[in-house]
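There are two complexes below, and they share subunit A, which is joined by subunit B in the first and by subunit C in the second.
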Partner chain A sequence: MHIMEGFLPVEHAVGWSVASAPFVAYGLYAVKKRIRENPEQRMLLGVAAAFTFVVSALKLPSVTGTCSHPTGTGLGAILFGPAAMAPIGMVVLLFQALLLAHGGLTTLGANIFSMAIVGPFAAAALFRLARSLKLSFAVGVFIAASMADLLTYVTTSLQLAWAFPDPAGGFVASFAKFAGIFAITQIPLAISEGLLTVVIFNALIRFNPQELKDLKLLDGSEAHA
Partner chain B sequence: MKHHQNLVLLILVVLLAVFPLWLVQKPAPAADGQRVEIFAGSDDKAKDLIGDINPNYRRWFEPLIEPASAEIASLLFALQAALGAGFIGYYLGVSVTREKYSARGKAVEEGAASC
Partner chain C sequence: MLIEQSAYANRWRKASPAAKGIFALGGFCAAFAAGAPAAAVVVALLIAAATLAGAGIPSGRYLRAVTPAFFFLGISCLSLAFSLRLDDGTGELSLALTPSGMQKVAEVSARSIAALTALLFLVLTTPLTDLIALFRRLKTPEVLLEIMVLCYRMLFVLSAAVHDTLSAQSARLGYATPRLAIRSLGGLAANLTLQVWQRAHALHMAAQARNNDGPLRFLEPVFANSGRDAIIATAAGSALVALAVGWS
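Here is the complex of A and B:
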């Protein structure tokens, strides 16, 4: 999902940066406030960031013969709400842009928007929806995390199609081409990410039920399940 | 029970990663003798596609630092994964130990046993 350095026209690069900035700013404020009020949640916040660090470093092969990586933003979005993931995602993307020439500074805004804004908001909304439909905790986590991953790549495809419409088929044809690279490749990886996020939540439910209750993710009855 | 579920889930993740390696066959070398690459990165493919759609597009900003080689890049990616995995492992280790030695942990155990 990394749009490479310099590969978005200037006005798109600026536009996505402007669009992402308020989310990052609000996310920073929300994270600071949370840590001030609940200092004991600092470690779990670190886990959410660490999970994004790990899985976004893992380039996995996909059935399309292309490698790509999960995003890991669903975990933190479910735990702490979507806003918190904007600054966390930015840190990961900055690390990769500055040290690895993976993504870039000019495309940082666009990449934050797809990975650290669209993904987390989708995860939080889908998790809430799944829970309101009385789906089990694990199924809700799986749907939220895997769709956050997939929708991040769909967003990247939309961003590139908007910037580079096909000379013949326009935006739609271009989107189909980019989605063919990003979104199709991502389907098995999104499933992997959903499964891995369930693994982490299983461990948290087993060993940190109090933290999850404090975050209002578990009520008393589910802590023992 | 949960341990078994996690084991099954992790095996599924490994299978999902291995299956494409087995499924995708390396294509024959192209006519000009160039080897066709498989399992290249999707970001690179998107870059090539931009070149196809708009051959006149010129990259207007270069990365400030590029890893000196593919080896250095893989070092940094491994470092990134190791830092993250190390932290998660530390947190889970602390959590497991804390639960083991806390009275509340015992209560939870009893609760789980009675379920």
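Here is the complex of A and C:
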């Protein structure tokens, strides 16, 4: 769920861009370092961005019958790391604005913050937490992917509530309204995205365990599951 | 992709991208500077007229590009229009339509629509390759540009792969039930995930074979009359801003 072009007041649009900038800058620094150590990564990130764009355009079968799309942030964060997801997510969101008129240029900063920063960092942290708690790989992936999706939409609701507080109930009432409306589509979507991501990793484990071991996502014992 | 087709085939394809960017920027400024919703609506109509009549974008295609954004606008305005109230005495939650809420809806949706028309003007008249060249001239970090160029290229390669896989899976009833659909979609995405590394490796090999020493280099497209275009765009953009600010 992207905030559309021109929806946020100018102070909020600028503020969220300023808030996102250090994350994107750090992501670029991290990416540059990775490219210097391993030149092959230069191509990988561009292809990863295209992959994220294409995955987020897939149609998910949803319980409520509405046509919905996965965010792909959880999957990307587990595969490519959260720091790299900030610049990748920025390019994906920019392309969605320029190629699909989905999202916008003035709201790019706010959308980067929710989809390319909060989502991936939450996914990576939850995935690591689940692994350290000795939860199974599939449970970790499900929690990471569905919570990344859910937290992205909570962040979007917070951004909208902050920009448009309710005249009577203020920020809290406004958040309840935005979150309530988005919950109808986003909670089933978060569950389907979590399931889809688990199915993706199951397929990868079955057919391509070596690649996952190279990414240090699996240890040796699980690779033959 | 809908917007791509117009971007490559419109009357202003050969106009300088910088000029089109300046006009769109004028549109954005006018959208935010507009004192009254009516002013923003007029700005939106003028930009849409420039896109339809000037650049010659078919109106049906324009409408189809606008529709998804209107869906978001609709549900967001719904929550702006209604005010959530907690009654202290009874503890009941109630929703009420308020005049101040309607005022806000008019203001925000007019601004959004004006900004959306400015975005659509830019993307419907300018192909992404020209925009990336413009970003390069605006000194965007090289790494970001490389991600953009590769992403744009691989987008269509991966889309074709998705399309072919979907056809093959559908032909085998892979999407007959929701359960099968999730399974098929998972298989598709897993296959695509592997292609990320395979295709990146192939690109790397191809670049190595051509003695690539690091950065990817590109020729800049040349636009005749870019000076003239920039002057016209600046004048038109300023006129929009003046109209939005001066409206009373």
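One rule holds in what follows: the second predicted complex is superposed on the first by the 190 of 225 C-alpha atoms of A that agree within 3 Å, B and C clash if a C-alpha of one lies under 4 Å from a C-alpha of the other, contacts with A are read in each partner's own complex, and residues count from 1 in each chain.
Note that in this section contacts are C-beta pairs under 8 Å (C-beta built on N, C-alpha and C of every residue); 3 or more make two chains touch, one makes a residue touch a chain.
Keep in mind that this is a model prediction, so the values were computed, not measured.
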{"item": "Which superposed partner A:210 touches (first subunit B, second subunit C, both, neither)", "value": "first"}
{"item": "Partner chain in contact with A:117 - subunit B first, subunit C second, else both or neither", "value": "neither"}
{"item": "Which of subunit B and subunit C A:28 touches, first, second, both or neither", "value": "second"}
{"item": "First, second, both or neither for A:68, with subunit B first and subunit C second", "value": "first"}
{"item": "Touched partner set for A:6, first subunit B, second subunit C, both or neither", "value": "both"}
{"item": "Touching partner for A:101 - first (subunit B), second (subunit C), both, neither", "value": "both"}
{"item": "First, second, both or neither for A:181, with subunit B first and subunit C second", "value": "both"}
{"item": "Partner chain(s) touched by A:191 [first = subunit B, second = subunit C, both, neither]", "value": "first"}
{"item": "Footprint overlap on subunit A, comparing subunit B with subunit C", "value": "1-7, 10, 43-44, 46-47, 49-51, 53-55, 57-58, 60-61, 95, 97-102, 104-106, 160, 164, 166-167, 174, 177-178, 181-182, 192, 195-196, 198-200, 202-204, 207-208"}
{"item": "Touching residues on subunit A, where the partner in the complex is subunit C", "value": "1-7, 10, 28, 31-32, 35, 39-40, 42-51, 53-55, 57-58, 60-61, 75, 79, 87-88, 90-92, 94-95, 97-102, 104-106, 160, 164, 166-169, 173-174, 176-178, 180-182, 192, 195-196, 198-204, 207-208, 211"}
{"item": "Partner subunit A, residues of subunit B touching it in the complex", "value": "2, 5-6, 9-10, 12-13, 16-17, 19-21, 23-24, 38-43, 45-47, 49-50, 53-54, 57, 59-67, 73, 76-78, 80-81, 83-88, 91-92, 94-96, 98-99, 104, 108, 111-112, 115"}
{"item": "Footprint of subunit A on subunit C - complex, ascending", "value": "1, 3-4, 28, 31-32, 65-66, 68-69, 72-73, 75-76, 78-80, 82-86, 98, 100-101, 104, 108, 111-116, 118-120, 122-123, 128, 131, 141, 143-144, 146-155, 157-159, 162, 175, 178, 181-183, 185-197, 199-201, 203-204, 207, 214"}
{"item": "Interfacial residue positions of subunit A with respect to subunit B in the complex", "value": "1-7, 9-10, 43-44, 46-47, 49-68, 95-106, 138, 156, 160, 164-167, 174, 177-178, 181-182, 185-186, 188-189, 191-192, 195-196, 198-200, 202-210, 223-225"}
